[in-house]
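As written, the chains take the letters A, B, C and D, and residue 1 is the first residue of each chain.
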Amino acid sequence: MNTFGEKLKVSIFGESHGEAVGIVIDGLPPGFMPDMDAVRFQMRRRAPGQSPETTARREADEPEIVSGLFNGKATGAPLCCLFRNTDTKSGDYQPWLPRPGHADLTAHIKYKGFADYRGGGHFSGRLTAPLVFAGALARQLLSGVTIDAAAVRPSTNAILNAKKEGDSLGGQITCEVSGLPAGLGEPFFGSAESRLAALLFSIPAVKALEFENGITLSTERGSVSNTYPYAVLGGITTGKTLIFSVYLKPTPSIATEQDTIDLRTGLPAKLTVRGRHDPCIVPRAVPVVEAVTALGLLDLWLLSGMPL
Amino acid sequence: MNTFGEKLKVSIFGESHGEAVGIVIDGLPPGFMPDMDAVRFQMRRRAPGQSPETTARREADEPEIVSGLFNGKATGAPLCCLFRNTDTKSGDYQPWLPRPGHADLTAHIKYKGFADYRGGGHFSGRLTAPLVFAGALARQLLSGVTIDAAAVRPSTNAILNAKKEGDSLGGQITCEVSGLPAGLGEPFFGSAESRLAALLFSIPAVKALEFENGITLSTERGSVSNTYPYAVLGGITTGKTLIFSVYLKPTPSIATEQDTIDLRTGLPAKLTVRGRHDPCIVPRAVPVVEAVTALGLLDLWLLSGMPL
Amino acid sequence: MNTFGEKLKVSIFGESHGEAVGIVIDGLPPGFMPDMDAVRFQMRRRAPGQSPETTARREADEPEIVSGLFNGKATGAPLCCLFRNTDTKSGDYQPWLPRPGHADLTAHIKYKGFADYRGGGHFSGRLTAPLVFAGALARQLLSGVTIDAAAVRPSTNAILNAKKEGDSLGGQITCEVSGLPAGLGEPFFGSAESRLAALLFSIPAVKALEFENGITLSTERGSVSNTYPYAVLGGITTGKTLIFSVYLKPTPSIATEQDTIDLRTGLPAKLTVRGRHDPCIVPRAVPVVEAVTALGLLDLWLLSGMPL
Amino acid sequence: MNTFGEKLKVSIFGESHGEAVGIVIDGLPPGFMPDMDAVRFQMRRRAPGQSPETTARREADEPEIVSGLFNGKATGAPLCCLFRNTDTKSGDYQPWLPRPGHADLTAHIKYKGFADYRGGGHFSGRLTAPLVFAGALARQLLSGVTIDAAAVRPSTNAILNAKKEGDSLGGQITCEVSGLPAGLGEPFFGSAESRLAALLFSIPAVKALEFENGITLSTERGSVSNTYPYAVLGGITTGKTLIFSVYLKPTPSIATEQDTIDLRTGLPAKLTVRGRHDPCIVPRAVPVVEAVTALGLLDLWLLSGMPL
């Protein structure tokens, strides 16, 4: 449910305004010595507050590792890491007015009215902090692999304009992975694409995913598409560079008044979302896309039995 | 690896030119009485040979159920169903010349030279026959749910032209699912989108997936995108109609001579793919998309604990 | 549910009086060439009819491999093998009179009255045929490992006497595994003992399991027990010889009239079990114990990443 | 690996002398309001220091719940709970001298020399603290079910004598579970016995397990054993009271000098185990046996789809 992976298992937990969010990572090779500066660098890329484009919420996001490291090296036993929630303003949320485009209503239904509604609770983008942490470890283990993602997104000006108008924007992120060996992935449900897709669609706001220029290829003739340098065939990597794109919807939290329903009465209601939000989540999602990509690929690598 | 599902587990097996392909389905509700005519109807939709657009290979695809049914009703124990391979022409394949755009090379690498190369072996689209069978059962259990997919694809003329010129085409399939209850899906890795994506990307040739108009939404403002009638929020269904599209690359088997490498020597070589192939797989992929959708949704439904 | 294993996954299916029982084995190393004579030797050890101690049911138990082998070698894709049921006398069973000590009543409850009741259906010992088949493959892959089990059981005379009196006997099987490397197993739930226990308790009639003289050790002092040559410590193998014992209850099918309840009325009833049965299942269970041991150990070995 | 459960998933982490041990519990019913006094009562039963029979190590074992609860009620999202390690004396351990009967050597091998060796690290009995916590929640959810375990063990005098002589003792725990519904469990690998066995053998020191008087039954005739009031048949519960026994080896930590090998040289060496230890772990293992039993049964119950 909140767990992913076969040989590198990650389990995430936490709520946006609870004590902490965190992750348990099981399957790190014993002796692996994480470069914590590199981890913090990745955490900072995701952290808010680095530009006027992002939410005003400030979280130190300092990893609190409570197990699995000894003398700075992975012991082989599960590593658990927490990120405390410190800068919460829970008064901003009204549980009976689900915010449009958010998981508020579905969380309310699924968890029978007991979901922690504050800041989206367990469905918050804040849960991507532990994912970036885990991904930062994973990429250190993927020796020879480079994972580069870049946002294809509105300009800073456009974002700030949207913000000023109480609105928000979405965008696209394209990710390139070079240095993968041939032979990662399994047939069918365990294909490299299936595994990465399951991870990428777990990132809040991601609504579409295109592997390897797939949309364009679908309009070509076979004599052309067969010349494409595929990174994945039959679900298995070829050793060539993998390129994919994800498409993110705009941040659903906007300052403009919106229509919703009042869960107490079932009647239509008006809602003005308070709280501090990113007018465009795309820049902060870039390291998240890289992180889950690293997690998925490391798991496939370990599954393959090839040495790291 | 070749298994999918939590409460409805499916395991596929078989190779295109081996004895049979098949599936084990574990978790069917005891007492369920499959409508075998409806199953055969779905099998026929996927079967080749119904129009000049499809391969000339003829397979009866009559389900051979060897367990899990008693007096026509599901016993509760696993149901295993085989589909014999009868119309194989294995002489058409040369194991040392991987066909471009196919899994031949990656299967060769992954399985260390021991893959059954004939007709793509285990990576063949023939493995979708048992998936359509299982999906045909699943959709009968999804009471009140309608799954309609349609190809957005080249015209029959365009396909026949491509075929005549020794070429092939791809296309797009859009699927609409109505009648789903609210509350299906899990947060993050078990989101309705993650689960469906893992299944949809296991269909050979699918290279891109767009949920709910996601590509267009990524270019909208939040004030617009928030008015979209989302079927999934936070990974959980809302009860609204779900729409998604998959994009398929052209059939890689084309009659034109192509470049490949000779695995015996590692040197460039020329290959003319023989065998019988679909100039455009999109029409036959429509029931496959519906089938895996039904499987994924039934698994989520059973997981949710809601009564069927 | 009916699946076991992480890197070597087995899925069993079938009912005693249905078309067939069988198994899907996913994760066999590509290129592995099973010695089919050795497989048949193991199947014969489990087969009935080799002495007056066993049931009169005759099954050829010839493996019908429908996938996963090509030119006699494992392809890397799942191997599915069927065993047809040919010698069934289903008229011997009355669905409304559950046999004491059998799974008839619990299967009836669990599967809501739709279980295949004939010969125990899916709960029959006949399902151990595919397990012996899979174990026969697994032990060929466990190079350097010897798995020897022996029944500590009543004499043939005692068995025949019990049979004559319409009664049955149980017994004990002790298994010894030498040649294991150190380092197999995981902490806690994945311990070598936990994994083997899950498999051994899936064998019908096994009701107790003792690892490494554990019952006696529980009455010793630490200064003595610490000198025991443990094969497993902390769930991980030490490289020493592993010894364990399972205890099997007597065959519940006996010719004597017994008390049961009539499921149609809920009232007490009398039942005389017909059908053909083993007066003592212990001799035929020996190869089954060996087989699941081989399966569990091979899975742990593959999980460990050590080369075979 | 360190995860158990299908519908109620628990993942344990931590090392004996690290920051903390803990657990993530996924699948608690939303709205469930744990009685924390009852939880603390269970924690105290396992805690050391309540009698001269137990180790002198003192840990508050106060649950630090960091997620999954909101206003004292389960949110439906994963609950993570930590137990800080506060009273550690790590200087007592020499990594190059593995303690006989402990996991020191196997952990060293499995984790390639990087295991946290202090106090047994991840293999320590301290990891049972989070299991007792989780079990305390589970038993509250098992309405109508009573789980009573009792040690069949040496007298306090015998334990204190052994301690005085620098020695230790083992023992037996018998557990009785009443109030279970009929129909829990799955055939074969998912049998109630297989699931419970996997959990019970994950408790350090457990070396044997007897369900339902199984050892005695193995020596009876079928006409007698068939009259036993079985709680499990074919892996599925009957609704009758379940009884089983586990056998624990003596605490391997004893004050007497013992033989070991020096991992630096591979040569024989002498070792006197320091540290604080239980001369007989059996009394403190009683609540652990109950806890994992509750976890296993709750998971089976949730899997069955029956309402709690």
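Note that in this section a residue touches a chain if its C-beta (ideal position, glycine included) is under 8 Å from a C-beta of that chain, and two chains touch if they have at least 3 such contacts.
All values derive from a computational prediction rather than experimental measurement.
Asks: Since chain A and chain D are copies that touch, is their contact same (over half of the numbers shared) or different (under half)?
Replies: Homomeric contact, same residues on both sides for the most part.
Asks: By mean C-alpha position, what chain is farthest away from chain C?
Replies: A
Asks: If you average the Cα atoms of chain A and of chain D to get two centres, how far apart are those centres in Å?
Replies: Result: the chain centres lie 35 Å from each other.
Asks: Any idea how many Å lie between the Cα centroids of chain B and chain D?
Replies: One centre to the other, that is 44 Å.
Asks: Based only on mean CA positions, could you tell me how far chain C sits from chain D in angstrom?
Replies: Roughly 27 Å, centre to centre.
Asks: Give the residues of chain C touching no fewer than two other chains, as numbers and ranges.
Replies: 1-3, 12, 77, 107, 110, 122, 187
Asks: Note which residues of chain D are touching chain A in the complex, please.
Replies: The touching residues are 1-3, 9, 11-15, 18-22, 24, 26-27, 30-31, 65-70, 73-80, 82, 107, 110-116, 118, 121-122.
Asks: Residue numbers of chain C touching chain A in their complex, please.
Replies: 6, 77, 187, 305
Asks: Touching chain A in the complex: which residues of chain B?
Replies: Against chain A, chain B makes touches at 1-4, 12, 100-103, 105-107, 109-110, 120, 122-123, 127, 162, 166-172, 182-183, 185-191, 193-195, 197-202, 204, 206-215, 217-228, 230, 232-238, 247-254, 256, 258, 304.
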